[in-house]
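One chain, chain A, appears in both complexes that follow, with chain B as partner in the first and chain C in the second.
Showing the complex of A and B:
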């Protein structure tokens, strides 16, 4: 290893600082979630609270039915959404990557078009609720995420076009493989990095999605965990900023610690799976993005 | 080769078509979406058609949407119990649809844009009541009420009942609640007793000084006066009892004047005095140094033992309510007699949206909410034995281990019919009725300001407000900064908003013969 010894410490220092900037907010979040409520009110959020307390988590545990339910919804839509989304994206991206596809430019344009324009909220809402009757169904949390990822499709297409030699496809064809066989026996296994990357992005999208829940879901048993968190926070924000003619409201606003604990619970699974995807992530992103 | 490209083409075309369908389908429907919104005439027509079949022949499920602020986990149980009653009386079951307040504006907009069944909706001047009416999203109620709910108007003050009219027609029925408000202070009873303090000799806000001083001197770590939120600054609380804000934008009426002249609150002597008072308290250390920026509300500060008292609007039974909310016993004193402001009626109403499946049946359900004791009580308090238990004396209390149904009963219906909670006076609703009746009514009762013509100015003024208001009103900034604040407000278009407000108010007064 012959590196420039002078630069090494500087580079390390910069990256240590950057890494710390990423980790510190999470640390604060976590420490706040194990602070006692009165120490948050009296001293604000701190990295080392005066009084530790697990009351926030105890409270969450007392709400375990709702929590597990939301968790279940989130996991379900994430798993189904990621799998189906990946399948659809790859199935669409593959033909688009083939030079011998007729009207390829036009079809690519259609995909590209969805990146720039969409139907707008109200028309989209009307279509989903009145044509497809998806209001208050799990489908409403899954389907919108499947159809609006033109960016992912272009990423996968570029990867297919650049990283899979046409010769491989042709040789498989000569050996008698059908188009589908070529796709799932040759192309997909060779494309693991990009599939893992897109898979992770889809996972994060579905895991973090609260907007579809906000728009299409009113039944509490279909709230995903992020939707639950978002509703809680926007309610709090609303009540802080508005004085509804001075009505005194009986609201169960969760304590500060509980909000933090919910956020911790919400991000934990993602943090846990991220390292397993990471090695593909960088590779897939760089290869897919550079044309 | 031919074969090969076809195989590739097929899935690609299918998928592209589905994307196209989703994209274009959306834009095609834009026309359809705006049509019912702009064409107000279509709504009355459909209600007219359905009123022919008022025999309640077919069983219906009526949907009631309201703000779900509390714990709504067992809303299903309540819904089933209410449905049992309504099924027998009007051959319809009820679906309760709580919507979170943070998502309210958006979800209600979408519900009203579409055609989902929605039969009764909580509406409010704080949530676009006038624009919902202008878009034809709510049905006029005059005829429906006369036919199906003739006694509803006797349940409340006539002035309040009539205040929801827009262009001579009613589009909402106010909920029966404390429509008036008096203003004063709530303080912790334990500390009041400890130092032998009492509000008996306190007649005005300024008389509070010695009490605050005692707390400040003897209770380190307890701030004598805390704010409810950043927007409810101390100075704001001091003037609120004397003014009608006419919505949330600047330009107010002074209640005592009993006129319709919109004035700039920030230029009044009253406001200047309030700022001085807040500043005095702040400098004396009675107010938290970070009052202008803290995210903590009064209830959590009192609960945590960091605060002693707060100023707010009040109503009969307020001390009991605050005791429950804060988890500490509270005593209250009122300094400003009750007033009813422009939004006292329109603050919370029940309306029938154009989405309704059967306007007649919806009106009958509305009638039940105002006249049927069991329906009103179920909605407000939940199911007996599950969400409340009998406390004797005709009163109720929370069950062991808490309830999974906490409804904000001020939103909907006739709350005077509901069971009274332990701790409240049994005649609390009679008191409330007197209280509402004897309040000073604003001349502008029922007026609601449509800020859309001056949207830009409102946004600019809001920005200036964000910069100064919390600081000035909490006493954090010296009142000499008021001039700077005023100058920036003028530059942001304050005068234009006030002129627009005056114009709308004059037009409203003319139309309503005020």
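Showing the complex of A and C:
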């Protein structure tokens, strides 16, 4: 039992204000996306537009090819990136967690050092573009995010080392199981909490990534949804230039509304699934905080 | 088993480390990176002779420094309050909502800020300021407001994450301490000061240490997306990351840009070692390594 409670109504009042501050910008975004263009032009973005209209969404629907294309790119890189990232992180972390690995200290240091020092953007960019020729390929959207600088590996390694009893591994050994079999049959199933956590973080990183797209991708077919959003944010003319609105340049397009509608379309999937993974996400953050 | 992961680390992390030689070369694509002429510290000289070096260093440190202080203070406050919410359901609801901004990409945050600040149609200019009788402001051309705007946006996006971490630490505190304190007649404020904060100090130290180690790196998205890369704002929004990016992608000044990048990596590295050393002097357990 907790004793000496704070005044509950006051605490709730503070949190209602805080929660409102977190939600209100999204509300403004949504309301603007269903405003008619003329009410945006006359009255600005507002929480209760003079005139509701779905013209922005109708317009987006007319551009569904480009929209679906970038959704496809995002989903593809998220699925592949999460799966491959998780796989190679676990594969690398597992031997590091074993006491009997030769040169274990050195290998751990190799991973740890990447957290402390890096070459910087320019050399990384040149390696990816000049040596591996990844500019304008899907690889450029997937590869840079795989291990996110060794941080995930250290988390997984700590989990393996602390939560999987050595005896289990030894007894499997005696029964004649190979290293891979032990890893696949014993270690992975016992590590679902950490794998789910890292998987979730990777998924969010890939879904939200716009930086790699900004740096490595110049071809519109390869734009992820975030990159499409990014181009539209900095340059509203992007719609016309890239054939997203090419056919009727003369007609007054619902540009301001479309911008906001695009943003809604970009957030929607995350907001919809958030309630379901919220619990795991919080757990994951907490695991991530412990060293 | 380790081959794919190690190969990846080498390619993604170690090869670029050798790439830092670019900072000491006069890059000429015809000759290739290795074939280009060595010019020693010339790139650094150019960099530090410009006003840019001072501005971006100052901005980077001032912004990140105030972010560290404000974020920590704010997140601890919210976490302590959240721990006081008695209704389980309400506590979970508040937590989810406060964490929401953390999930959203900076691009979207850029949109949210635009919907508030846009000159022709932003909410502030067309609805809020007229109510208060203030003339519209062209936010994206007025540098003086941006230190505040960026700080608020950063707090808005980052508090949820730190708050969850501190909350986890607070929940781990044994309830007996509070019961004993209550019997001794300690007020709530007293308990927070003498029990809660000291007991979550290790978590606070580690999070701060991690942040100080990265004080030379900035959230690129915050400084690039939120001000919409607006030219007039650069004196107050430019940080090392955005400078390096612009040098590489827009100006094509690879030498200077990689010199700035190396400057950032090296100083960042030294700062991690230094802050870790200081913490480990005071208490071994709280240090990172």
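Methods note: the second predicted complex is superposed on the first by the 221 of 291 C-alpha atoms of A that agree within 3 Å, B and C clash if a C-alpha of one lies under 4 Å from a C-alpha of the other, contacts with A are read in each partner's own complex, and residues count from 1 in each chain.
Following the convention adopted for this analysis, a contact is a pair of C-beta atoms (placed from the backbone, for glycine too) under 8 Å apart; a residue touches a chain by one contact, two chains touch by 3 or more.
Bear in mind that the values here come from a model prediction, so they are computed numbers and not experimental data.
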Is A:45 contacted by the first partner chain B, the second partner chain C, both or neither? second
According to the stated criteria, A:192 is in contact with first (chain B), second (chain C), both, or neither; which is it? neither
In the superposed arrangement, does A:32 touch chain B (first), chain C (second), both or neither? second
Regarding the shared-chain residue A:126, is it in contact with chain B (first), chain C (second), both, or neither? both
Figure out whether A:79 sits in contact with chain B (first) or chain C (second), or with both, or with neither. neither
Once the shared chain is lined up, is A:168 touching chain B (first), chain C (second), both, or neither of them? neither
Superposed model, chain A: greater residue contact from chain B or chain C: C
Touch check for A:260: first (chain B), second (chain C), both, or neither? second
Which partner does A:13 contact after superposing on A: first (chain B), second (chain C), both, neither? neither
Which partner does A:21 reach: the first (chain B), the second (chain C), both, or neither? second
The intersection of the chain A residues contacting chain B with those contacting chain C is 41, 88, 91-92, 94-96, 107, 110-111, 114, 117-127, 130-131, 147, 150, 179-180, 215, 230, 233-234, 256
So, in the complex, the side of chain B touching chain A is made of residues 1, 4-5, 7-9, 11-13, 15-16, 18-20, 22-23, 25-30, 32-33, 69-73, 75, 97-103, 106-107, 109-110, 113-116, 124, 126, 177, 181, 221, 229-232, 240, 248, 295-297, 300-301, 303-306, 312-313, 315, 318, 321-322, 325, 341, 343-344, 347-348, 406-408, 410
Using the touch rule from the top, collect the residues of chain C that touch chain A in their complex. 1-2, 4-6, 8-9, 11-20, 22-23, 33, 78, 81-82, 84-86, 90, 93-101, 103-108, 110-112, 114-116, 118, 120-123, 125-127, 156, 160-161, 164-165, 168, 175, 178-179, 182, 186-188, 191, 203, 206-207, 213, 220-221, 225, 228-229, 241, 244-245, 247-249, 254, 257-258, 261-262, 264-265, 268-269, 272-273, 288-289
Quick check on the complex: what are the chain A residues that touch chain B? 37-38, 41-42, 66, 88, 91-92, 94-96, 98, 100-102, 107, 110-111, 113-114, 117-127, 129-131, 135, 147, 150, 173, 178-180, 214-215, 218, 220, 230-231, 233-252, 255-256
Where on chain A does chain C make contact in their complex? 1-6, 8, 11-12, 14-15, 18-19, 21-23, 25-26, 28-29, 32, 40-41, 43-47, 87-89, 91-96, 107, 110-112, 114, 116-127, 130-132, 143-144, 146-147, 149-150, 153, 179-180, 183, 204, 207-211, 215, 226, 229-230, 233-234, 256, 259-260, 263, 266-267, 270-271, 274-275, 278, 281-282, 285-286, 289, 291
